[in-house]
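Report on the following structure.
Naming follows writing order (A, B, C and D), and every chain is counted from residue 1.
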């Protein structure tokens, strides 16, 4: 199958190119960008040279305006664009391309009313919003089969949802008062040219951002059916997200551990085994016996989840990790596309992470 | 005055040497270490060469066993030793040296019964434990005047206590259900030769450690008179601690904001102004209008504290930052010594941080 | 085919496991280590978990002493051992295993007399030294076909040889007075537990090591047939080697540029085109139009080479880059094995590097 | 004395503010910037908050155009401006301010003809170029006394000149064929908003830049009276410069070592003792017995120099290190100002570096 990547000059675009280079069933026929049209891909991303050779970025604006330049030959369009841009493009692309995989937040929130609140603008194409399937395969796999428009889940969202969803579903933790304290490497901000992402500002630094109003909050809440307090931090690393979450055990949980000799150990095992059970059949999500680190996921499509119970403070804690550019974005996009297209879900995604 | 630094080959020891080099009233006459006796200080810490020249590490074991080699000339002994060692030494030093400033946890917890629980061994000198004054000047300044044995507060403890203590004292946040999610640079682990502190293991990594049982927990609880859940993370930086805390507003707080037009802004201002008021007269603690970053404190004795109110989830959040080796250890030790000795508290501590 | 990795608990061992995980023709049946026998591989290298699951490290010492535990089923033995150890093992393995691929320096220098000088000990098995084929495919491809014992080229050596060899062969640069100034990420030192490789010592640092006597010197000289001055530096990165070399143009070169209008441009093109011509048919070595960076090679088996001429100082400069753990070690080992076994050279090596 | 810092929003400007905060004789009355006028200094550089409080950046353009806003009260003007800007300003300031200390390259090259070649534009004020004294105290101390316009030496230039100048003066190394291979932390590029200085581009990277034409080349050549080939590299660190140089021993040197039993050791001692002798009386330059690292200088005004002789290749090698923002820029500027003003040279510069 033939694909185009629109927004290929950002880091998630480059990561799509990296992954698709070895996808046996999806070929990249065109990589379009707004700001680097005509420039060889390998000038911006020298690591891609061995596969993409002299291929240059197409002009994304012209591509979208004229829907020419080869897009008529594409079966799949991956959109790796800034938030807000996909809303305008999808209506024009929808009838031309069999499958649109959008990596932005533009089609993630089901409620159009949420956009003015969190994104400060009304949604431009509520008609297509209804058609979009949310792309977090471990939760929405069945809907993804045959989907025509996929809204790939956000990076923090995936990392936070994976440990919490099964615990909520099993009735082990309370639906309110969930706190998510997370940290991400800088590539999560893309290649934005802001002074706060300069090396000298980030290196040897660590800070909170988006306090109280980060846009991934409503998406996590939508997945969990729960109110959450989400606080992201900026790590001095290229990649990686770690989420540490705190929640209250339910009465059901507390009753389960009430009579045992070591409630802390028993409760922790309850949590861990629920996670293990939930992801036993999954190819990319693994329950680990100790808290994972981001380095364990670097460059791979894997997410690692861990949970435990703290009796002293009567709190359930989870720790989860993934690579924001892979399972948090481009790897998950390909995983979703595989499902939609009826391919084996792991096709082209059998990458092991780098270590160190 | 003359001082000895015992345990000078670790990072807090080296930081004491750096700070004392320009202290006008305290001179280092001897720097002792167990593992590097006879080696020039500047071989281990080349940055100290311009001041310490050819001075070599004295043999700490011999020094302590024989109490010779010059210790009789010392007015002050700074102990920068692993936890557990100070307990054995202090009883022998106490009558020889006018002021002992211990940077370990050995004399921090007032209750001797806490040691077996958190440190897995009974306290070896409960007699001296009673004599120790806890060294967190912003809380214990009056007791520090004339003190003879000071237990300098821990790094995470200082960073967590400074924002929370005033809010608890003012009755703005509940005393239970406080969550502290913190991260520290690697120097917090000292120069321990463990594979988990190798560059290739830490760089581009981020992880939880000490989950549910970090030893700073009882110390924070002692300061706050509150149960806390404390989760530390390891940052790929040399220095710096950032603590993000979550707590519930009290009924008093909620009543205060109930009638106003913008409860979130009003509540946030309430928190911020409480912090500002508490530290207005302090030389090293500053309330900031936005969340601080660790880079703002690099190399200085300053701590920065910030707080805000999230109406959506009815949570008070604080963010605070300091340099773990300065305000979190050696700078605070000197600050405590200054107070004990009747010197101006800021003597020798007027360092501005590096940026970048 | 079945392979064993001996010395699997080091970084080059782990990198072999990562690469072989997706090699269609070589399976890892056993990963042996001296210091971690019985421990799950994924405890040390969590990134390998998705492929290696519960596989534990075998006991390397027992394996080698008894040649049991499954080694009799192996077609290939990869030795990722400290220098000096392979010399003792190869004689015992040679008749049991069809192909031995040694990543150490033990069989790299053809002259046994070089070992006492550079490695401070006589070579223990000069008989097998004669049998060894040097593993730098771009130079020794024909000898590697059907080889039974391969001494994979060193990391710095590969990075330095690739740009210089063609220029020397073409008679463009003088064989004496070559200076190689290079820098490597810390993984080049393996997982050695030395205080100089602790995060706090390496981070924000940069320094020379092995000045005047680094052991890769005689290996580079053997490849080039030339005396070289080689100075390595330690970079605060996980991976990557960059080599900047300086050499004198030959009379032939100078004559070639004497009459042209722009000797600097013409001379630079001469150098670049020689590099391009030399590696046009290669799958893993690329001549680049501008100086490469290490990030362009991160995680891939590619080496990038660039060269230019500085008329002001009459000097030929080359800049080359590779990932020390891949093209500088484990990737090259697999490339060599592929050739020896008659497989397509790129089998299992089609990895694109991570960026960022 | 009262000083103004013009160009205070860059890293060298901020470093001047850091250093001058504790200078007993020089006060900063005004910090001007083009792009941040009206913004509190501590918003951009939060580490400066404890000293500069609510001070805001003045408007540099207005200041320079109108020469008002307090500049008439200044005794000293520090110019931390991009290259090319000082040339236009100095003529207007010269009669208003007793001492101008320019950190740019605008007045460093004595020959006005060099500017069109290396800076692509004729010098705008050759009249003042003649009045400028070059600010490298270890070489030009006597001229600096009473100077009115100082062109502070460049960062790479200082690091390269300090080890080579004494060896050339002593006739130990040849004046031609000197190669300088150096690396700098990113702050050397200032706060320029270029994508190549984004964290994700620099972190885990290392590369050459300014190959064959870096503008510090003619300045080094002017200091040494020698042609040099200078190749800078970009390090993934905030600060620090390390220079590794290669040069040929003179006949004089070779004769000196010809008859001794261990020419390498004797020659190395000759080099080292020449460096030691040259800098024995200096406060900020130290000859070290082994190659220095950049971490040994972090935050201090010290430069460390080392040299050795390699008999195998008949080459003299030096390694030198300094902090590019301190001894490479702002610290050196203050050192020069101290001399010009008749203050003790070390005033306000007694900072020990951070470690780690």
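Assume a residue touches a chain if its C-beta (ideal position, glycine included) is under 8 Å from a C-beta of that chain, and two chains touch if they have at least 3 such contacts.
None of the values given here were measured: they were computed from a predicted structure.
The two copies, chain B and chain D, are related by a rotation of 180°, based on C-alpha atoms and rounded to the nearest 5.
Using the mean of the Cα atoms as each chain's centre, the chain most removed from chain A is D. Between the CA-based centres of chain C and chain D the separation comes to 38 Å, rounded to the whole angstrom. With centres taken as mean Cα positions, chain D sits 46 Å from chain A.
Looking at chain D, one finds that residues 11, 187, 200-201, 203-204, 236-239, 292-293, 295, 298, 356 touch two or more other chains. Listed in rising order, the residues of chain D touching chain B in the complex are 11, 14, 18, 21-22, 45-51, 187, 203-204, 238-239, 284, 286, 288, 292-293, 295-300, 302, 304, 350, 352-356. Interface residues of chain A facing chain D in the complex, by the touch rule stated above, are 11, 186-187, 191, 193-195, 197-204, 236-238. Chain contact summary for the complex, chain B toward chain A: residues 177, 179, 181, 183, 185, 200-201, 203-208, 211-212, 227-229, 231, 233, 235-240, 242, 244, 246, 291-295, 298, 308, 310, 312-313, 315, 317, 319, 356.
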